[in-house]
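Please find one structure pasted underneath; my questions will follow.
Chain naming follows the written order as A, B, C and D, and within any one chain the residues start at number 1.
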Amino acid sequence: MAVTELPTAGMLPGGPGEGVQVVIAGEELPTQEMTLSIGPQHPSTHGVLRVVLTLDGERIDTATPVIGYMHRAFDKLSEARDYRQIIALSNRHDWLSAFGNELGVALATERLMGIEAPERAQWIRMLMAEWNRVLNHLMFLGSFGLELGAMTPMFYAFREREDIQTLMEMATGARMHFTYCRVGGLKEDLPKGFLQYSEVLVKRIRHRLLDYEGLLLGNEIFKKRTVGIGVLPGEVAKSYGVTGPILHASGVAEDSRKTEPYLKYSEVDFEVPVGEHGDSFDRFNVLYHRIEQSLRIIEQVHAKLPAGPIMPGKMPKYLKPPEGWTYVRTENSLGETGYYLVSRGDTKPWRLKMRTPSFHNVSMIPYLLKGVLLPDLIAVLGSVFFVVGDVDR
Amino acid sequence: MIFYHFFSNPWAVFALKLAAVFIFFLTAPLVLGYVEHKGLAHMQSRLGPMEAGRFHGWAQLIADGVKFIQKEDIVPDAADRRIFMLAPMIVIIPVSLVFLVIPFGPAAVSCHAPAGTGGCGFWGENFDVGIFFVLAISAISVIGMLMAGWASANKFSLIGAIRGAAQLIAYELPLVLAASAVAMQAGTLSLVGIGDAQKAYWFVFPQIAGFIIFVIASLAELSRPPFDMPIADSEIIFGHMTEYTGIRFGLFLLSEYAGIVSLSAIAVVLYLGAWHGFIVPWIPGPIWTLAKIGALSFLVIWLRATYPRLREDQLQKMAWKYLIPIALVNILLTMIFKVVF
Amino acid sequence: MTPDEIAAHLTEATGAAERSDVAHGEVSVWVPNDKWVEVATHLRDCGRCHFDLPTFLTAVDLEEQGFEVVLHMYSVRRQHHVNVKTQLARDEPRLPTLSGVWNGLNWCERETWELFGIDFTGHPNQVKLLLPVEFEGFPLRKDFLLMTREAKEWPGLKEPAEVEH
Amino acid sequence: MDPEATEGAVVSWPAVFVAIFGAVAALSAVAVVLSRNVVHAALYLVVVLGAAGAIFLVLGAEFVGWTQILIYVGAIVVLLLFGLMLTAAPIGTHALDNQQRGVAFMTSAAVFGVFTFIIWRSFGSQRIHLNQVVRTSDVGRSLFSGYILPFEVVSVLLLAALVGAIVLAKKD
């Protein structure tokens, strides 16, 4: 049984969601193909994603993601809500990076209205966004290990997440859906003791990251499972609109914090870790090093955080952006989260399109899964970081 | 006097031994399971069970057992009913039989036990071909696994069972080869004889390669991490056990932990000097055996906290390309050693 | 290239740009429907533009003016953006597919099709993506009302100060 | 196992056990053939082979008995089941019947006759002495002295099979 050559770059026959033709060599006995439905309730799909596989033995012929189980009609809902409500709606989608989602809505509205958040608010936003990024990456760091059978990193990751959630709770009052951003600034200033605890946490997490290095990155079996598995060339990644850590792992250092700095990212010093081969190991490695970079940014915020107000002195009573449109992109934890906002001068947006990284990551899955072994499905799926809420919106 | 009469009747002693073996078979997995709960928890910076039985959740597994018994025993509609129900027994019976031959101590000095009552000593039965018995009987469990996977009428179960069977076939060979090198070294197939032969030195020293192979192969036989692909939860839910509930599922779990204890015990007898102690040799042999079994079982648990799992083909490659050739060379070296010295 | 340069280049190179606009640092270029694929391909292949990352594709309901389809592209190498837009008639909106130009637009077009009812001709697999198969209607059209809102107006529609007592 | 019973009486305990296991083996063998489900057939085969192993054990040939179980039950039937499940073994009744019953019956009857004849002629008048357990060392000694040529021939045969299997598997 022969499987058609995999195109290394460029177009796929049929594209994602389409069955890729399998050529069965004529002279041999055709083996029976098996259809296996992974999900919607499956431990390794992070929510309700379903992947329909056709298998030849344990080798995957085609993989078709089936999404929509968590579709919550964000686009339609936001046409019936005002801007403050949308902030609360938006942070539900990628539930692992709630602050990053809110930030985009606030920035888009601010840009249309011509408001600029005060200095301090911008620094704090950056601080929160980076902590949120660490929170998000820790989750994937842990769960990826778990999917490969290493259960300990998961518990370690949750230990660290617990600490960070406590920190976030101090400022925002929430543990997951922070709703801390406001159009124009922030809900409240940082509470007393927040920065001290934040500094302690940076040190603690930096120290504990060594555990992950020992348990996963330096682990022979982990390397055997991930090196050379699910190779995604940079060109293919781009053609699918893949952004964030997955794109970085494929060797493309595209990060809007660098190329189009928003907030105060131009004033802090950090690097964009990139991978060499674009395999599962690289994606994981990039994620790990992104945490280190986020911690670096957080430390710089500690040092540079100015005093001042957190909301502009004079805000209009009603948020009514003037007629116009804009697209704001932010480098969220998993990649580019963008908001395409069209306003007709009303309290509600005329159209708000949420562009999420997970949607594009998942649309690329059929490419990565073709021809891999079923156990590698996990090594691949786990390294294509996505949150189902972020896929379906 | 009545005690004397009782103990002088070999059949009564044999019955007593059987009862002791049965109790050990039921309790050792529970203790091990509890150690796994707590040990794993502390390695992962959490507490583990804390409620059942008040003191550090010591009764957790008993509570689990009660729960398993109470739960409904569901047989899927599409399943092959009889085979589905039979499979857990086929898995657990061979594992329990292995406990019969584990020697915990040396033979008694004066002994008049008639044939068939197992002789005198801390074991259930002393077969002439003990090690062979262990390997043969534990191979039967695979059939139960295949039956469970096939009869469940679930694709995940079937994949799990097929993986399990492939794994067990591949690792049966290095296991037997490593064990036969020990048998050659000791000059006997009897487990008691092999234990006796380690009076001067433990076989782990001359047979270090064999020991490592034996441990790796045992882990694979037991489907324990890093070789737990047959039940890889993130891929195929729970392999051949996916459709099982209640007491039948409990039997599968019991057999897993009993398997850890029994294979650790066999490794202790084959390599780690059985009941022979060191530094403090006045401690009785059975306690030494138990301590060593405990240490080896703990290693099995420890590995679970440390390693991710390998892939099926990597596992097969390891067996056929490395373990089996090394085991064969090991036999050859043992042979030369035996002939020369 | 700066936004203005991109707009100028597009007008000049393809001759397809009807008009262009720069707002908040974002450039939009409106092209006719029949040049849609040609423009996208040109933007991908042309060395000066080199748009290699299709960010998203979506549509906006303009009510009586029909629909506006928006394709946002980014160039990783040149680090610039462009929004290519085209307007479609309200009845039977139809546009050639771009899933042959970029893999990543396959899902975007499926989504736009099911939410706006814009038919992408030549799409290899135009089936429901997010919505259940049996769902009827195109929810993101302005004439598709939210069920609950049909029954009762959103109570938070008016600010408390605006409510007449 | 009363020594007197084995010595004097016509019906000894081992004989009873051999009869029981023999009956189990025979019935299961019939079930293997009559079973319509290929996996059921394979599982009946396990019973047949297990009963054969048990007969060896009863007769004092421990090593041979356990070998029977290790090799046939633990490896060969597992391989068989493995192959069946990988190819086509649907659950439920699955028509496995073919129209060659007459030929099959004649063949098996012939094989049965030939084996019975040979075994009867070779061992017909011999008695098994159950008091002495066959020691593993004796088995080994006779295998490597009296039967060394057949042993080596079988080894070569297995080697050839192994090479053949590798060649077949390499084709992909």
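What we mean here is this: a contact is a pair of C-beta atoms (placed from the backbone, for glycine too) under 8 Å apart; a residue touches a chain by one contact, two chains touch by 3 or more.
Nothing here was measured: the structure is a model prediction, and the numbers come from that model.
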Least step count from subunit B to subunit C, where 1 means the two chains touch: 2
Pair joined by more contacting C-beta pairs (A-B or A-C): A-C
Per Cα centroids, the chain farthest from subunit C: D
Mean-CA-position distance for subunit B and subunit A (Å): 44
Whole-Å gap between the CA centroids of subunit A and subunit C: 23
Cα-centroid distance, subunit B relative to subunit D, in whole angstrom: 27
Where subunit C and subunit D are represented by their mean Cα positions, the distance between them in whole Å: 73
Per-residue multi-chain contacts in subunit B, two or more chains: none
Multi-chain contact residues (two or more partners), subunit D: 86
Subunit C residues within the subunit A interface of the complex: 23-24, 26, 52-56, 58, 60-61, 70, 72, 76, 79, 81, 83, 99-100, 102-108, 110, 115, 124-125, 127-132, 139-140, 144, 146, 149, 154, 156, 159
Touching residues (chain side subunit B, partner subunit A) in the complex: 40, 43-46, 155-156, 159, 225-226, 228-229, 232-237, 304-314
Complex contact set, residues of subunit A against subunit C: 11-12, 14-18, 67-68, 71, 73, 75-77, 80-82, 85, 111-112, 235-236, 238-243, 252, 254, 259-260, 317-318, 324-327, 329, 336, 338, 340, 342, 350-351, 353, 355, 359-360, 363-364, 367, 392-393
For the subunit D and subunit B complex, residues of the former touching the latter: 1, 37, 39-40, 43, 46, 62-63, 66-67, 69-70, 73-75, 77-79, 81-82, 85-86, 89, 91-92, 133, 135-136
Subunit B contact footprint on subunit A (complex, rising order): 34, 36, 42-44, 58, 145-152, 155-156, 159, 215-216, 219, 221-222, 224-225, 373-378, 382
